[in-house]
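There are two complexes below, and they share subunit A, which is joined by subunit B in the first and by subunit C in the second.
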Partner chain A sequence: MTKKRVLLSPLDPVHDIGLKMIKNALDEAGHDTYLLPPDVTPGEIVEEALEKEAEVILLSRTLGYGVAELLGRFVDLVEGAGIRHRVKIGIGGMAIKPAIAAELGFDQGFGPKTPVEEAVAFVEGKTYTPPREGSAKRKGDLVRERTYEYHHQEIKSLLEEISEKTLQWYEKIQSPGIKRAELREKGLAGEKEYLEISDDSIKDFFSDGILPSGLRLIDGEEQKALESIISAGRVDNPRILQRQPHQPLVFIQYGTGCPFMDIAHVKGTEGWGADGVVHFDPSWGAKTEGLLSGLLSHEENGSVITDENLKLIKKALESSTLWQVRAHRGLNTPETVLLAGEAGAELTKINPVYGSLGGGTDPERLLADSIKAMEYAARYKMPFDMPTNEELCGVPAYKAFAGMLIVTQLGLALGAQPVLQPLFCYSPEMMLGGQMEDNYIDYNAAKVMALRGIIDAPIWAGAPIGFLTHTEERVQSSVSTSFHAGMAASLEIEGISIASADEAYSGGPITLPARIDTLQGTGEAFRFLGSARMQPTPKAEEWAEELTENILKVLKEVVKNGSFLDSLYQGILGSQKEGAYPGRNGRGTVLKRK
Partner chain B sequence: MKVIGVAGTAKNTGKTTTTMALIETAGEKSIPLAVTSIGLDGEEFDQVTGLPKPRLKLPEGAYIITAERCISGGTARLETVKELKAQTPLGKLHLARVKKEGRVLMAGPNNRRDLDEVTQSLEDSGAEILIVDGALNRMAPLAGTDLFILATGAARTSNLATLRRETRTLVKVLNLPQMVPGEKTNRSYMISETGTVFLETDSLLSGEKVKKVFNGKSGVKEINIKGVLTGEAFAELGKIVSPEGCRIVLSNPINLLLGENLQELNKAVDNWLKSGGKLGVEFGLSLQAITINPFFPDWQERGRFYQPRFVEEKDLKNSFRSLGVPVINVVREGGNRLWGAVFSEK
Partner chain C sequence: MEAKARVVDALDIETFLICENEEEGRRVSAGLMESMGLSDFDLVYIHHEGIGARVRIRAYINRPGDRYTWLEGGEIND
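And then the complex of A and B:
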């Protein structure tokens, strides 16, 4: 390295900290630096530059009207003094960016948060290379080091009993969803046998090319454009939101229906720090027997699940991004997990309890299909989370948790990696019971404490965190997300899903800036807390104990009933009075295996 | 090829509008041209005020010299002919040709040496003129241009009396006569009764420096300054060195305009000349026209934003009477009038 003589001048006394940091780095690198006091004129700086035979001048100044001319005159003065060809000039400050530096005649502009290394590289005439993707941000691991060991032995033995009986039942049954998945495995998706157990809309597509309304195939030109967007839209240096290893991975959900828009949202949120993205399919997809094929655009919410659509999204993702494809509530659950695994998804979502009590699918059908889906999840080593969204219908948390824990044990018995998903929400139970009258921390903390007291399993709070606390006001919604994220970090859970700041009340498509709002808010929460924690009141522990006792009671009832499936119909895991209605889609389609 | 420099006295004085008028007129006359900027031009909004800026549109076949990151920044389709050595904050400079007309984003050479490289790169291009759009109040890189246009107006100051006074000073300096230096050298020197002495500095930026260099010197006949002479330094020089029988030769007139206080400079120049001193430049500039712009961005403290405002056009024009240089409002009077002034023999 050639030693350089560098003159540093803070034209703005308030904002000279950046310059001091650069000076320290330059000193450390062995350069000769001369830091001038703040109250010098452009003429005096040039005189110093002449005297010290400076090779580089670095100024810092906040921009404003008139300041641009001052800086322009400074550059002219250097030129007039005849040293411009041998002096490089850089400018840093709050409003500075490369375009402004070009306008002012400087050789480089350094905006806020410029790494000191970039300024040093400028001085040394080297090209600054920001840390490459992958070297800085690595793919997160949601399961981390959780052991899946039960801490509550009574609950463990109840769950094992329920799970065993359920799997015995599963051995003897067959469903169209399971059969279609098996046909797909043999490469027979869309063929005669597959179509025989599919809905008419799927048959029409494969036989006559007729697409359901609101859908269209992406043509060749559009496909080329998408490919070029994907190759041009790489995120060089995705932001890392977490400051400490215990802070959770952050997921966003996409599913605009349009692949262009989905990719734009995915790339934007990856850049702003999302660790993972969750694929949302259309609600009608859950009620349709069979899956379509091809690269499809949907003019309403929800991005259609096809082999081609999923593979395209996968192509667009950065290597550090976790990808989840939901499969938790419909008639194509096993096939969806199979497709997700084939397309390279890292995560999926399966929960026959919520899917049948709040999602509209018949419990028998969804339980059968979910078990098959868990087998695929195990095969493709995709951890699956179990959303407990039935809580939003009015089902008390302890009932939703009892269901989730049964599914957890089923997953474990099948060799899969289940992820607990309690809601961080202001649920109807809370509204009626008043548990959140004082604060949002205690009851959410109680949920995590209760689950952690039962089993050492990963927890991914959702979905999204702060459900029913957002309003139409974006700042309020971002702040609420931020606090919930801070709480999640304090509770050391593995993941969170966040909403955009306009999700609850967007009145139309969700916007990317509103997604960035909540990502920024989450990052700020992590920065704010670092290793510190939010502290629940003693009430949390009291409620955690209450939750555990109630979960135990529910599980005993299920055992007493003798059948997990029948318990779903009987309301043991959420009754009609509480807002849980066993779904009807696919009812009567489960048959005894031949 | 003629190189035309469009310099301004401040932001928003109409440099780009002047440049655009020349581009359009050259198009009408089918004169092949090249364009560049010593700053950044063609963006939709001003980087500082946030107010809309005039856009730059280039016809098919024109050459543009712009930074790498600006090549695809407009609607025009550009094809790089050559990558130059010069570097800017927006990447290396490219000499490019307009393949399909449209708007362009232009960030060019930020210093005189790089502008020389740009000029040389156009040698075999067939371009007959190179228009160099200025930036802010910066003039130094334009010191070597063949034809010089000064853009000024209410954005410099909306006080028209001050604007007139300042413009008179600028015209006086930019029109300084050419002089052949007494010595052929690249260093600054002084010739006195005792002979030629090289100065310890090429630039006189402060009164203190002048004292240090010239105290005790007598019988000075010529002072040759290769670098900058500020108004403050000039005033001090007038006190120490007797103007009678002494001539000051600067490298170029712009080197006299780079200090902070134009009024102080004006006074120092007048005093020097009145007292029998002579003042000239080794390389003169050809100030062909002044373009004027009544627009100014008015800072609203309440609300903290810039509001577009205008001074009375008639008053503005009146304040520029009898400067000895054609004064043109290109928006009102058109590019042809400007073209006529720029390319007329003086």
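And then the complex of A and C:
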């Protein structure tokens, strides 16, 4: 490397920190640097350049007022001094637009946030190559650090007893959902036997090509255009939101209805730092026996689950992106997990408690189907999370957690990797009980503390964090998500699902910019906190103990009842009075296995 | 192709409108969007305080399920 004499000067009344950082880097690289004080005139800078025989002049300008005139005058003075041919001049700072700098005769203009390395490369006459952050971004792992060891032995033994009995019951039953999944495994989806246990809308599609209303098949031309956009638009440099290893993976939820629009949203959010994406299917899909086929677009919320839709979305994902396909609440639960596993999803979502008490599916049917789904999740090594959204219906957290822990033990018994999903939310229980009148931290922290005190399992808060705290105002909504993300980081949980800034808006589809807003906010929260933590008050610990005691009481009641399934109908895990209603979809369809 | 064809889904317009109350703010918002030729719009947020209303008005250019204009390709008209 040839040593250079570099003159650095701010064209402002105050020093620019950027210039000092560049000076340090140049010194470290062995160059001779001369940093002038602020408020020096262009004429004085040129005089210094002559005296020091500078080979490079680096200027900075932060103030925007009169910048073009000032810079133009500086270049004229350098030319007038007869040194322009031997001095390279660069200019940077908040007020600088690279294009204008070039127009005014500078060798290079550096815009805001230019890396120091780029300025050093300019001095040394090298071409600057930005680091490929994308190649540094690795796929996250939610479960790696957890042992699944119970810390609470009494709860452990109750859960084992409940789980064992439930699996004995499962051995003897069969359902259309289980049967269809088994047929799909044999390559018989859409065939006669499959259609015999499917709804009419599915039969009509496979027999006569009639699509349910609101759906259309995507044509080949559209697909070709999308594939060319995907191949041209790989995300080379995705942001990494986390600043510290303990900060959680960040998931966004997509489900615009159309796989093409979903892909646009996924690609946009990958670039802005999403670590994972969650596939939302339409609510009618959960109530329909059987799955459709083909590349299908849907006019309303929720993207249809078909083999083709899932595989197309998978093809568009970056290698560092985790992908979850939800299967937790409907009549196609086992088949969905099977399809997700085949399509290459890393994660799925199964929870018969929420799905039957808050999701509309009959408890018996969903419990049977969910166990089959957990077998598939184990086979495809897909960890599954268990959303406790029955809290949003009014079920107290401790009951929702008791249900989630039973499903956890069932999953463990089947060799799967369950992920706890407490809600970070302003639930009806909180609204009525007033636990969040002072702050949103303590009760959410108590939930995590209680779960951590029971079992060493991964926690992925959802879904989305800050549920019922958002308004239609974009800044409020993004800030609320950001604070909840900061709290999640402070509690050192493994993952979070975040809402978009459109969370509380119900007048139309969620937009991509609204998703980017909250990713930005989450990144800022992680940056703000770094290794520091939000501190709950002592109340959190008190509530964590209360939650644990109440979970224990509920589990004892389930054991006393003798049947997990009957406990769901009897309201032990959430009663009608509290807002939980055992669903009716698929009721009476579970049969004894022949 | 028109530049708005490259809008992935919607165009949000955020501003502060001088108006007497929320009702007038809604009328002004509608007039603003129509004057820009954006007929498929919705008022995502409005809050009146003092001399006017903070608004966020959204015009959908591509709704899920449409044939997306950004898939068509082509250069943007000057």
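By our rule, the second predicted complex is superposed on the first by the 494 of 594 C-alpha atoms of A that agree within 3 Å, B and C clash if a C-alpha of one lies under 4 Å from a C-alpha of the other, contacts with A are read in each partner's own complex, and residues count from 1 in each chain.
One rule holds for everything that comes next: a residue touches a chain if its C-beta (ideal position, glycine included) is under 8 Å from a C-beta of that chain, and two chains touch if they have at least 3 such contacts.
In this text, all values refer to a predicted model and were calculated from it rather than measured experimentally.
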| item | value |
| --- | --- |
| Subunit B versus subunit C as contact partner of A:G268, first or second or both or neither | second |
| Contacts of A:V277 with subunit B and subunit C, given as first, second, both or neither | neither |
| Which superposed partner A:A81 touches (first subunit B, second subunit C, both, neither) | first |
| Which of subunit B and subunit C A:T41 touches, first, second, both or neither | first |
| Which superposed partner A:L50 touches (first subunit B, second subunit C, both, neither) | first |
| First, second, both or neither for A:E69, with subunit B first and subunit C second | first |
| Partner chain in contact with A:A101 - subunit B first, subunit C second, else both or neither | first |
| Residue numbers on subunit A that touch subunit C, as the complex places them | 214, 216, 222, 225-226, 229, 256-258, 260-261, 264-265, 268, 297-300, 471-474, 502, 505, 507-509, 511-513 |
| Residues on subunit A engaged by subunit B in the complex (per definition of touch) | 41-44, 46-47, 50, 63-65, 68-69, 72-73, 75-77, 79-82, 84-85, 95, 97-109 |
| For the subunit C and subunit A complex, residues of the former touching the latter | 8-10, 12, 14, 42-45, 47, 56, 58, 60, 62-65, 67-68, 70-73 |
| Of subunit B, residues touching subunit A in the complex | 10-11, 38-40, 43, 47-49, 67, 69, 87-90, 107, 110-113, 135-141, 201-203, 205-206, 209, 226-228, 230, 232, 254-255, 258-260, 297, 299, 306 |
